[in-house]
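I have a structure I would like to understand better, so I am pasting it below and will then ask my questions one at a time.
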Amino acid sequence: MRRRLPSPAMRILMINPKTSTSVTELIATAARAAASPGTEVVAVTATTGVPYIATRAEAQIGGRAALELLAEHAAGCDAAVIAAFGDPGLGGARELSPIPVVGMAEAAMLTACMLGRRFAIVTFASALAPWFRETVDYHGLAGRLAGIHTLEGRFSGIATVQDEKEHLLIDLAGRAVSESAADVVILAGAPLAGLAARVADRIAVPVVDGVAAALRQAETLAALKPRKATAGTFRKPDLKPSTGLPPALARWISGA
Amino acid sequence: MRRRLPSPAMRILMINPKTSTSVTELIATAARAAASPGTEVVAVTATTGVPYIATRAEAQIGGRAALELLAEHAAGCDAAVIAAFGDPGLGGARELSPIPVVGMAEAAMLTACMLGRRFAIVTFASALAPWFRETVDYHGLAGRLAGIHTLEGRFSGIATVQDEKEHLLIDLAGRAVSESAADVVILAGAPLAGLAARVADRIAVPVVDGVAAALRQAETLAALKPRKATAGTFRKPDLKPSTGLPPALARWISGA
Amino acid sequence: MRRRLPSPAMRILMINPKTSTSVTELIATAARAAASPGTEVVAVTATTGVPYIATRAEAQIGGRAALELLAEHAAGCDAAVIAAFGDPGLGGARELSPIPVVGMAEAAMLTACMLGRRFAIVTFASALAPWFRETVDYHGLAGRLAGIHTLEGRFSGIATVQDEKEHLLIDLAGRAVSESAADVVILAGAPLAGLAARVADRIAVPVVDGVAAALRQAETLAALKPRKATAGTFRKPDLKPSTGLPPALARWISGA
Amino acid sequence: MRRRLPSPAMRILMINPKTSTSVTELIATAARAAASPGTEVVAVTATTGVPYIATRAEAQIGGRAALELLAEHAAGCDAAVIAAFGDPGLGGARELSPIPVVGMAEAAMLTACMLGRRFAIVTFASALAPWFRETVDYHGLAGRLAGIHTLEGRFSGIATVQDEKEHLLIDLAGRAVSESAADVVILAGAPLAGLAARVADRIAVPVVDGVAAALRQAETLAALKPRKATAGTFRKPDLKPSTGLPPALARWISGA
Amino acid sequence: MRRRLPSPAMRILMINPKTSTSVTELIATAARAAASPGTEVVAVTATTGVPYIATRAEAQIGGRAALELLAEHAAGCDAAVIAAFGDPGLGGARELSPIPVVGMAEAAMLTACMLGRRFAIVTFASALAPWFRETVDYHGLAGRLAGIHTLEGRFSGIATVQDEKEHLLIDLAGRAVSESAADVVILAGAPLAGLAARVADRIAVPVVDGVAAALRQAETLAALKPRKATAGTFRKPDLKPSTGLPPALARWISGA
Amino acid sequence: MRRRLPSPAMRILMINPKTSTSVTELIATAARAAASPGTEVVAVTATTGVPYIATRAEAQIGGRAALELLAEHAAGCDAAVIAAFGDPGLGGARELSPIPVVGMAEAAMLTACMLGRRFAIVTFASALAPWFRETVDYHGLAGRLAGIHTLEGRFSGIATVQDEKEHLLIDLAGRAVSESAADVVILAGAPLAGLAARVADRIAVPVVDGVAAALRQAETLAALKPRKATAGTFRKPDLKPSTGLPPALARWISGA
């Protein structure tokens, strides 16, 4: 008995808080592949920082870049995604933003929780493990984590690592299932965007793609149209003077 | 630059594991209001058990009813929702089911996690609190819970309790925000389906409706098309003989 | 200076929530071997469900069967045991029951806690591990768990698995002690009832038999004669209408 | 069909690690009232230390006294109880002792776990709260604790405090149920031994007496006849030289 | 029998990651008052950002400023302090820095742990509570937290808030002790630097000043001379290209 | 601009709660090597108990010895260290003592927390692991523990074990880093006092010496001059009668 109007067009902002435009392309492509009909994907790239994030220090820098990009591009969008697996800047973004914001790690993990009891995080570089572990802890999901499994060894380039390491990542996912008893595998890290769809039938449990999950969760938040909090810890912060911030972010913090 | 085909029609099964058809109606209405264009909502009602669930014993009975309804109605659907806040039968359903299954409490809580740090669960009857608390613990989300807030006092009927208690529930949600520092409020329990949309602007933080969140999350899982696990703890269980079960459920457990 | 009257005869109900009468026999024999003088053991078997429980779905079905059996047979008994290691239906049983009810896993784990700091759960089938793990979590005892150790490989029959696998289980218990630093070993699962007594001197730490521990704990609860709660979350639930339930259970839920 | 031989006489050692013989009397009387037919209760009193334990420092002293008393009196007993609510010396006692040893707090809490989900600890002096809290944590049971509720105000004497404060303790137990949603109340502290039996029908949930629970659990351990560990963290420690210890304890530690 | 050479002069860098130089003055004064003889205090102020940090967004910005200041001023210092209570940028700083770095919240909490079992955090603005709570969680110290207690109401200026609110803060500390059973009180937030010394005798438990604790802990780390990790998650990160970062920070990340 | 008076001489009491004077010598030497100029180290040895502590029972005995030594020697000292890695008697000492008291394990772990995210505890005897594990749990630091790594095999003497096992301990520390992803290594146990300084450059992460850390932390507490609590759970306990205690300890407990 469904007779509803076509849903209004939706616009989702994908924020790449790193400087690699080729990774932004991967993100945008994977997001568009996962989007509902009528959803427009806008992808933006950091202009300061590093090409990809592998340490806490780089996440600190990327987190500020995420705030800057969000302040500059949120207008006209219905929801935003911070498209780096450790969710840099997420808490601050959620405070300041008039639209819903979701992190890529957060979206992947919460989606994985609906597909099984414990998820494994599988990624291409061992340097990422401590940052990912802190991200799991930050979201209070350590009890749902089966393990973090990472490849050793170098890779040729961040934009092609998913092709170069495809077979090794499938093997590693298999070990995550057999050794850590994972019910779900998350292929983590923006450089792996889109890989899950290609390899899902070679892994024995459901596989979650961070970008696809984040895009869909951003759509869900946009559709539910939650109000901006005027109380609680994510209400818009009081305005205060600021020094030396980019104009859009300064406007959000200091008001004009 | 979006040019995608219209998404194929999706069919979501809403399982009311209780015997009250008027609550099924509330669920179906709220689900349809939240659904994407092109989504069909199928709502079914338990034929054994109790009209609403308020205790662990009733959840045990409702959980088996959920398995029975799922076995009978899953064919032809793309995902299913167990539409009772304590997610009765969810673990078993996820093992047996060929399609994704999401619980209403689970969906509400995971959605709330993307809108703030800590959520409050607000509901109409104090008897529900211990069952809800065990549900939060089961999902490993106790660290994200601000508190469970319940009304005292009787109500006239389960299908009308949301109208009867509307003002009291808004007040209670306000106290959850001020006293428990909740960033998000979940209006919990199938009998409150649809209330959130009506009262959202009278509560100072985002409000989550369990049915709307569950419907959207079921759509998300259906869209991501996760494979059925063939390993891990949610793979299809080995077949074994059974005695005295309804035919569809017996078929799932014993194979024909 | 002890001069007490002989204790009154005690009757303990052993509920096998599965359909295998041969397992009921194992349970009854192990229970009688562990009982105090003057204790009568009454053992009953589910008439619907599966012969043994290895999944969450089967536990959901067995849990309802446990409620039915308890409602039918509690009268005249002093305490009851749910004799399946995952304690199916325990929470609901404890709400409804006029007599104390103890789960086999619960009794085994709490008894093990008095014999050492961390216990290992050793059992015959790897399929049982996730269900057992959720049981440990449900009881809040994850901090006392050294590990769950399971055999791989098939077995000929549920009633004879303890003989068939005796040597393998002793080896596995030894590994639990050396690899997980377990202070105590629980031989878990109703089909292993009675095995502990036979093999205890071949395992280097105390070994707990689930049935023996549960029988003794049921006696303890019966002797302490706790009152039925009239407040708190395990008070007798309010009566409400029900549909399609077996007569004894319907009477408990709906009152006559 | 029960036809078992009368159980052999059992002898349980009640260790009062404090110097008050009047409290030892309370303990012995409550233990005998709870014991099975055929159980002999032997109660011993510390000869050094303080009349009752209310601080960590006193527990440290009492814990060593418990080891001394156990070393002196274990021979000929089947199990022992450390009859002070914080279980002073329990870990060390369990290492050294050839017979099972159970702590009064431990036994009360584990028994309470079988009667509900969360227990409250109710006692007569606020000074006891931090020590009790550390005891709950030590046993890994914080997740099962509803709260610790203590009376304020002085009392006339440790041996009569249960009479003097009876009404106040009943009121406090009532508040524990209504305010902390406790499913079970533990009347804690050796000086309250025996009170639970007298007041149980004036408290709306099951009430656990520490001495009665500990006596029964000691009987259970004695009946299950667990072997002394030869591996794991509670195996008999290696012998080593000692200086200045009482003879029986020196013998256990240094071997003759 | 002590005859050691005078300890070599030590230089500690106090990083104020906010733009208020009057708060830097408070920090420097309190640090010098707490320092050992022979310790030189160097205090620096952020040139971008906000005058004080009260939200997650501001902490994100301040965290990057902390990295910039550290990169610019670490040379010639023996250890550094991030002098804002939420420890913005601490993880990244610890990765990049050749000298030990300690956070003000971290130092205050760890010092408090040595003075009692549970500490309360007392501060002047309720907006700080969620950020402080996340800081406690990040350090894994939630189990040692008695509570976070904050004043309501506005204040005239950040540099004088400690004078303006002195009496209210003493009262609040008193409530933290009586209501939260805190064993220790931390007066938290850089704007309260130095207050503890003035009011300690009007609070019934030990009071910890964040700046004093951090200065002393920085001295301790400098004295212990820990090597820079070449393995583990805090080893110096691999160099990678960067864009648009201040020169000193770019040099640390990209190498020259 | 620093112009402070030379800091007053400080006297730190190192309590060896074991009877081995050669270990006391190791402790005193390592403490003096780590001390600030102007700090006097006073080291005392237990006169009853065992030469080194490896079990819970020995820790119970050593804990009381620590209280006795503290009562006897605290006068004239500015802070005290309980120089055994499991911190025997620490809680009670902190209640009774007029001066700050710090445990060696506590100081080592809290110091390690400032040098990385997770620390490994490395020691020379596997028997120590369970006691150390309980110590970590007692301090609420399990979330910061990477692992406890112990050598197998016997050693010639407690005073020379650090020389005998030096190479094996360095290898073991290396495994702790590579297998447990430890950011910091604690060389634990009083018999290893001073080893860290010798081997630090052969381990790839910062190494913490328990005695050095404890000495420095005791200095820090002495410098901060925290008041003795008159409220909270570490206030001086009420006086009460005692029997058979050594005079100094009896005076503290019973008042003269």
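Letters are used for the chains, namely A, B, C, D, E and F, taken in the order the chains are written, and counting of residues starts over at 1 for each.
Quick note on the criterion: a residue touches a chain if its C-beta (ideal position, glycine included) is under 8 Å from a C-beta of that chain, and two chains touch if they have at least 3 such contacts.
Being a predicted model, the structure only gives us computed values, none of them experimental.
Fewest touch steps from chain B to chain D?
1
Comparing centres built from CA atoms, which chain ends up most distant from chain E?
Using the mean of the C-alpha atoms as each chain's centre, the farthest one from chain E is C.
Does E-F or D-F have the larger number of C-beta pairs in contact?
Between the two chain pairs, E-F has more contacting C-beta pairs.
Quick check: how many Å separate the C-alpha centres of chain C and chain E?
53
In angstrom, rounded to a whole number, how far apart do the mean CA points of chain B and chain C lie?
30
With chain centres defined as C-alpha means, what is the inter-centre distance between chain A and chain B in Å?
Between these chains, centre-to-centre, one finds 26 Å.
Which parts of chain B, given as residue numbers and ranges, touch two or more other chains?
Within chain B, the residues that touch at least two other chains are 91, 94, 117, 129-130, 134, 181, 233.
Can you tell me which positions in chain B touch chain C when the two form their complex?
19, 47-52, 54-61, 63-64, 67, 89, 91-96, 127, 129-130, 134, 137-138, 233, 237-238, 240-245, 253
Flag every residue of chain B that touches chain D in the complex, lowest number first.
Touching chain D: residues 129-130, 134 of chain B.
Quick one: in the complex, what on chain E touches chain F?
2, 4-7, 32, 34-37, 39-41, 91, 94, 100, 102, 106-107, 110-111, 113-118, 139-141, 143-144, 177-178, 181-184, 200-201, 204-209, 212-213, 216-217, 219-221, 223-224, 226-227, 229-235
In the complex formed with chain C, which residues of chain A make contact?
117, 181
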